[in-house]
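After this come two complexes, each holding chain A, first together with chain B and then together with chain C.
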Partner chain A sequence: MTADTSHAAPPGGTLRPAPPGRGGGRADRAGRARRAGAAGTAVRTHAWFTPWLLVAPALLFLVVFNLWPSANTVFLAFTNVKVLSGGELVGLANFERMLTDRQLVVALTNSIVFMLLCLPFLLLAPLGLAILVEKKLPGIAFFRTVFYTPVVASAVVVALIWQWLLDDRGVINGLAQTLGVVAEPIPFLTDRWLVLISAASLTIWKGLGYYMVIYLSALGGVPRELHEAAAVDGANAWRRFWSVTVPGVRNTMFLVAVLITVSALRIFSELYILTDGTGGIGGQNVSVVMLIQMYARGFSGNLGYASALSLLLFVITLGPLLLIARINRRS
Partner chain B sequence: MSSRKIRAAGAALAFGVAVSGCALSGTGGGEGAAGDAAQEVASGEVTGEVSLQTWALKPTFTDYVQGVIDGFEEEYPGTEVTWLDQPGDGYSEKVLSQAAAGELPDVTNLPPDFALPLAREGQLMELTAVDDELEATYVAGGLEAYRYRGIEGTYGYPWYLTTDVNYWNTDMLEAGGLDADALPTDLDGLLEQARTMKEESGEYLMSRTPGLGDFAAMGVEILDEDGTEFTFNTPEAAALLDVYRDAYAEKLLPKDVLTDTYLGNSQLFTEGKVAWSTGGGNFIDGVIESNPSLDGKIVPSEAFGTPPMYVQGVSVSANTENPAAAVALARWVTNAANQEAFSQEVPGIFPSTLESQENPDFTESDGTPQGDAKVLAFTSLAGAEVLQPVEVTEAMATVVKQQIAAAVAGDVTSAEALDVAVEECNKLLADQ
Partner chain C sequence: MGTTNAAPRTPATAPPPTRVTARTGARGFSTISPRETVVRYGLMVLVVFLTIGPFLWQLSTSLKGAAEDVYTRTPSFLPTSPTLEHYVTAFQAVPILDFAGNSVVVAALVVGGNVVGATLAGYALARLRFRGSRLVMAAILFTLLLPGEATLVAQYLTIRQLGLADTLLGVALPGMVGMINVLLMRTAFVAIPKELDEAAIVDGANAFQRFWRIGVPNVKGMIAVITIFAFIGAWDDFLWPLIVLTTPDRFTLTVGLQYLSGVFTNNPRIVAAGTMIAFIPIVAFFAVLQRYFFRGVDEGAIKG
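Here is the complex of A and B:
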């Protein structure tokens, strides 16, 4: 049977060709080939595996570097595997251990506090920057570049620079003491909460440019006519921001919020460098990823427990990811 | 169930089996090979190919190592040594991946803590079975470093030894109202002088927190004899932490000493910001290279209490295909002549061979502070011990450091901090 799309229109009346591999079949392909041949154009048919061959490199990469390690991590979470000695299945023992792991409670608290510190700033400040640099003014490209530069810098290098700025003998404490603002150095790198605030400040500074670029592209999608109409109606800049700009970029704000949340929960480099890899005094500044690194590293690394922690982190970050999926469906 | 679902389930099962097969298998070890190796070493001819792996010796010591290799090939005609030198960073990971893949070189430079997990898994040759000259050749402390709780035998040839001595900045001492001829000899004296210096010049004499080595140096048992439980949460250890906590509260230590790594102390000494540091026998050269203004202003003295012993050694793979040549090469690299030549190249390291202990090159100073430091370090080795058990992993060290910092900061009591540290370390130990 030869498919005839003119008789296969859906109730809505839109004509749509059948998707590849569906609604056609061999007779359909043969019919199309005959028609093409009649028009004088040769159509080559391919073996069934040709598409698989084309996607094979990407598929192989995905399986080897993504799916396999992920599946292996899930499996390892239920074992007590060590790098050298192998191991055995231990059921839920690794997850039971989490319930009594005092460092995990500290790490989860730190990750959540860090996320709450970063979220409002990284959600709103880049939007403000994007609105500023969106205007077509002479030299505006320079400012865009300047704001984006910290994104390109290595997180480790940036954290080291901030460490030099913030430590007891650093620039900030030196300046504050010279000016008489403080008598004693501010314990930016020794007080539990100040370490978190320092790490959040670093992350915010480094992330501004990245989220600014995302907002810039969203702002380009807000119709200029709406701003003009609002201005004609007497709305001032502030009112236009809340009534035109914010609704126009609302979905992007959701996206940015989710990206910030996920990356904040997975914080590592900033806290690791600022605390010299120790996790702070009493281990009060460890993050979940630092715990995973601590358990997995070295000759005696406990891959089973480290994998269970990875799985926990994955489940925690799954919430925001599901949220973004829902937002995407809506939009 | 549809055929499609059955296929999917089958694929998932096969995948799971494949994953479990890969994930749960160990490295296999080489116990059988080790047994055969003893016989092969005893009766085998030293010939053929053999590999040697060193740790970050190129390019600085290329000539020295190549000379040792050339000498071996000349001594044993028919042998051919392949030299692999690994970069300094990531060496443990490199060795780990080699061991996991069963591709450990025949002879590998492994410090005792790297060798322990490999010995546990039967990856290293047990040397007392193949070499009855160990005790007659090497100092006891060096061999002891490669003998582990719960495992029979010796798993490395000690290569070279180092220890720490004290170093003092005489300019800072003078400015702080202190006398370089009346240096402190214990912790109490150190604290007293630190207080004097703080009052006189406002500078810091000391910048460090204690560690497991300090507990061990004062006689605290860190790990029980079986190697199954940590035991350093004692009143003596808590008392030491209390001393440091009070010194910290009195501002005799810089505030960020609690987050700095140990290198922080020597770095501050090099910068002329603290007057006391510990370091190896050639510490002065490194300091002067970085800060020439300190030339002639540093004097050494003996370490407080029991000096620490740091050991580097070479181990032989249990899976070597050429045991006779591998053992011969390990012995050659660590023989007295080669070790003494290496110690001449690197003034701060010392040979682990018994016949080198009377060598005047190490026992007589040329009168310079560098020469004095070298002799002090060498003579200290006679009473030095490996203070921190090699069973202490990086994760355990991190936990201990965290809790000691909390105690010194006064966030928790010293006893509480030690109890938490012991509990967490025991959990990590149970994982092994």
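Here is the complex of A and C:
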């Protein structure tokens, strides 16, 4: 590989010892460099296999752990493969089964309700938080770090903490009863809709810092001059927020909305932990990913049906993600 | 005296205030008014309580003695007689140290794999022209559309066929070179001025020398960011290890924690101790590295 470059450009040795008085040495070198860069085909800067050596590890993982499983999922969706026994092609049977699967309707409903609960709060509250920590006041690093802490914690840890907070005999129900707000404990962890609200609450709480950081990065890109001009024109903070900040971060808001939607449709750990892995009474609180996990689980797992559900998940998350791709291309 | 002095001054200073406020309004982006400062700190302190309150409550529960009623309707925030006995119980009842060790092994593999794999590939895709690079990029971008959960089943079959079911390597392997990290590293390498490379080429530096001497020193910030993300991702992951691992000795902390909570459904103190054991290391890790993380944010590393 060294050989290539030394053929292409004279070895550094011939240029470097140029006497200081000559003065042309540096310019000469820069000129050659520019030529070397411009004529990418004439000058070989590296052997043909060098890039492939560098991308080889990533490529291996790309093929074995991304592309192959994707292709295999599509294939498996048309089979009745079990974990221990190979199966056979069953055509569209898995998809026909999906059409009459009551549990799937429940799971889809839960996933969508959960998403609609999370979306407005996670879209707006983190923006407010980002504006709050935008200015580099003394101690701001501390506040930013603290606000990000729930993001760093595992969903399992967060769900276990909230399970205890929301327990029938936990602190929230205890205080509510002491204050006389309710007579009986609120069934946060057993009522079908309350479980979804509980899961959404902890997801919002855990996600605030994550989206705050994304907004923070976007706020840095809003030109300060616009704020100053608006202020000189007499716009108050509220007006400036709507006429300067919001338009400035609009693309980011689209991005955040898509990220929230996709991650909400993928919910698993929070509901799994809050319902102790049961999916709620009679499976009333399963999500799509929980269904996939249930069918993939154990040695009798029905991998064919689990794969068909995986394809469904892929299809319902694809729309929002393609929207991001379009927005990115436009901006 | 103060009043008599103030009276004549007021008319004199009356006109300026409007001008002053107008000026501070425009200036207000480098210096903010005392009132705004107070409001900002007040709100931030409020959010701090909302954020760390649940963690502190869990910590408090884990320290409350067996004699203290944790179910009372008038709960006290501070334990009456703090004790570490539930941590001891957690250590004795389940191999929680092994769980922690397993999580460390998985996280180390994932961090190492991502730093090496993503840095090498990111450099090639950003700085070296080669046939097929567009195809590789397209394939990488395609994987970003795939929710990890959608390939779970096929991924598990692959790991089984490799003989890695129920092993820590099986947990770590699929995440060891994340395609998003390859893209992040590529973005970082693209930002290095071309002239640096060109001068090095003239000096006879080969691709590896350019990678090591010019590339890597300029992307340390991004390497820190992907280290943080890879570590947190591996440490916190639950669904994948839940599927791969079946032997309790091999559980990672998240799966072990769920196991612990199943064993001690009736003692929230022990479950609380377990959550703290899983939570404290990751928070310490992040607190130490947060400088690099937020610097990465400021440099635009995290755009979502």
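Definition applied: the second predicted complex is superposed on the first by the 281 of 331 C-alpha atoms of A that agree within 3 Å, B and C clash if a C-alpha of one lies under 4 Å from a C-alpha of the other, contacts with A are read in each partner's own complex, and residues count from 1 in each chain.
Keep in mind that, in the parts below, contacts are C-beta pairs under 8 Å (C-beta built on N, C-alpha and C of every residue); 3 or more make two chains touch, one makes a residue touch a chain.
Everything quoted here is computed from the prediction, not taken from an experiment.
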For A:R297, is the partner it touches chain B (first), chain C (second), both, or none of the two (neither)?
both
Go through the superposed model and pick first if A:L76 touches only chain B, second if only chain C, both, or neither.
both
Touching partner for A:L132 - first (chain B), second (chain C), both, neither:
second
On the A-aligned overlay, A:D167 touches which partner chain: chain B = first, chain C = second, or both, or neither?
both
After the superposition on A, what does A:G87 contact: first (chain B), second (chain C), both or neither?
first
Contact-wise, after the overlay, does A:R224 reach chain B, chain C, both or neither (first, second, both, neither)?
second
Is A:T275 in contact with chain B, with chain C, with both, or with neither (first, second, both, neither)?
first
Scan A:T190 for contacts with chain B and chain C and give back first, second, both or neither.
first
Greater residue coverage of chain A in the superposed arrangement, chain B or chain C:
C
What residues on chain A does chain C touch that chain B touches too?
68, 72, 76, 81, 83, 167, 169, 276-277, 297
Looking at the complex, which residues from chain B come into contact with chain A?
15-16, 19-20, 22-27, 92, 96, 99-100, 114, 116-118, 120-121, 123, 254-256, 258-261, 393-395, 398-399, 401-403, 405-406, 409, 411-412, 417, 420, 424, 428, 431-432
Quick check: in the complex, which residue numbers of chain A touch chain C?
1-2, 4-6, 8-13, 15-16, 29-30, 32-34, 36-37, 40, 43, 45-48, 50-52, 54-55, 57-62, 64-70, 72-73, 76, 81, 83, 129, 132-133, 135, 137, 141, 143-150, 152-157, 160-165, 167, 169, 171, 174-175, 177-178, 205, 208-209, 213-214, 216-218, 220, 224, 227-228, 231-232, 252, 255-256, 259, 262, 265-266, 268-269, 272-273, 276-277, 289, 292-293, 296-297, 303, 306-307, 310-311, 313-314, 317-318, 321-322
Interface residues, chain C side, partner chain A - complex
22, 25-26, 28-29, 32, 37, 40-41, 43-44, 47-48, 50-52, 54-55, 57-58, 61, 71-75, 113, 116-118, 120-121, 123-125, 128-133, 136, 139-140, 143-147, 149-158, 160, 173-174, 176-177, 179, 182, 194-195, 197-199, 201-208, 211, 232, 235-239, 242-243, 253-254, 257-258, 261-262, 265, 268, 271-272, 274-275, 278-279, 282-283, 286-287, 290-291, 293-294, 297-298, 300, 302-304
Per the contact definition, I'd like the list of chain A residues that touch chain B in the complex.
68, 71-72, 75-76, 79-89, 102-103, 167-169, 185, 187, 189-190, 275-284, 294-295, 297-300, 302, 305
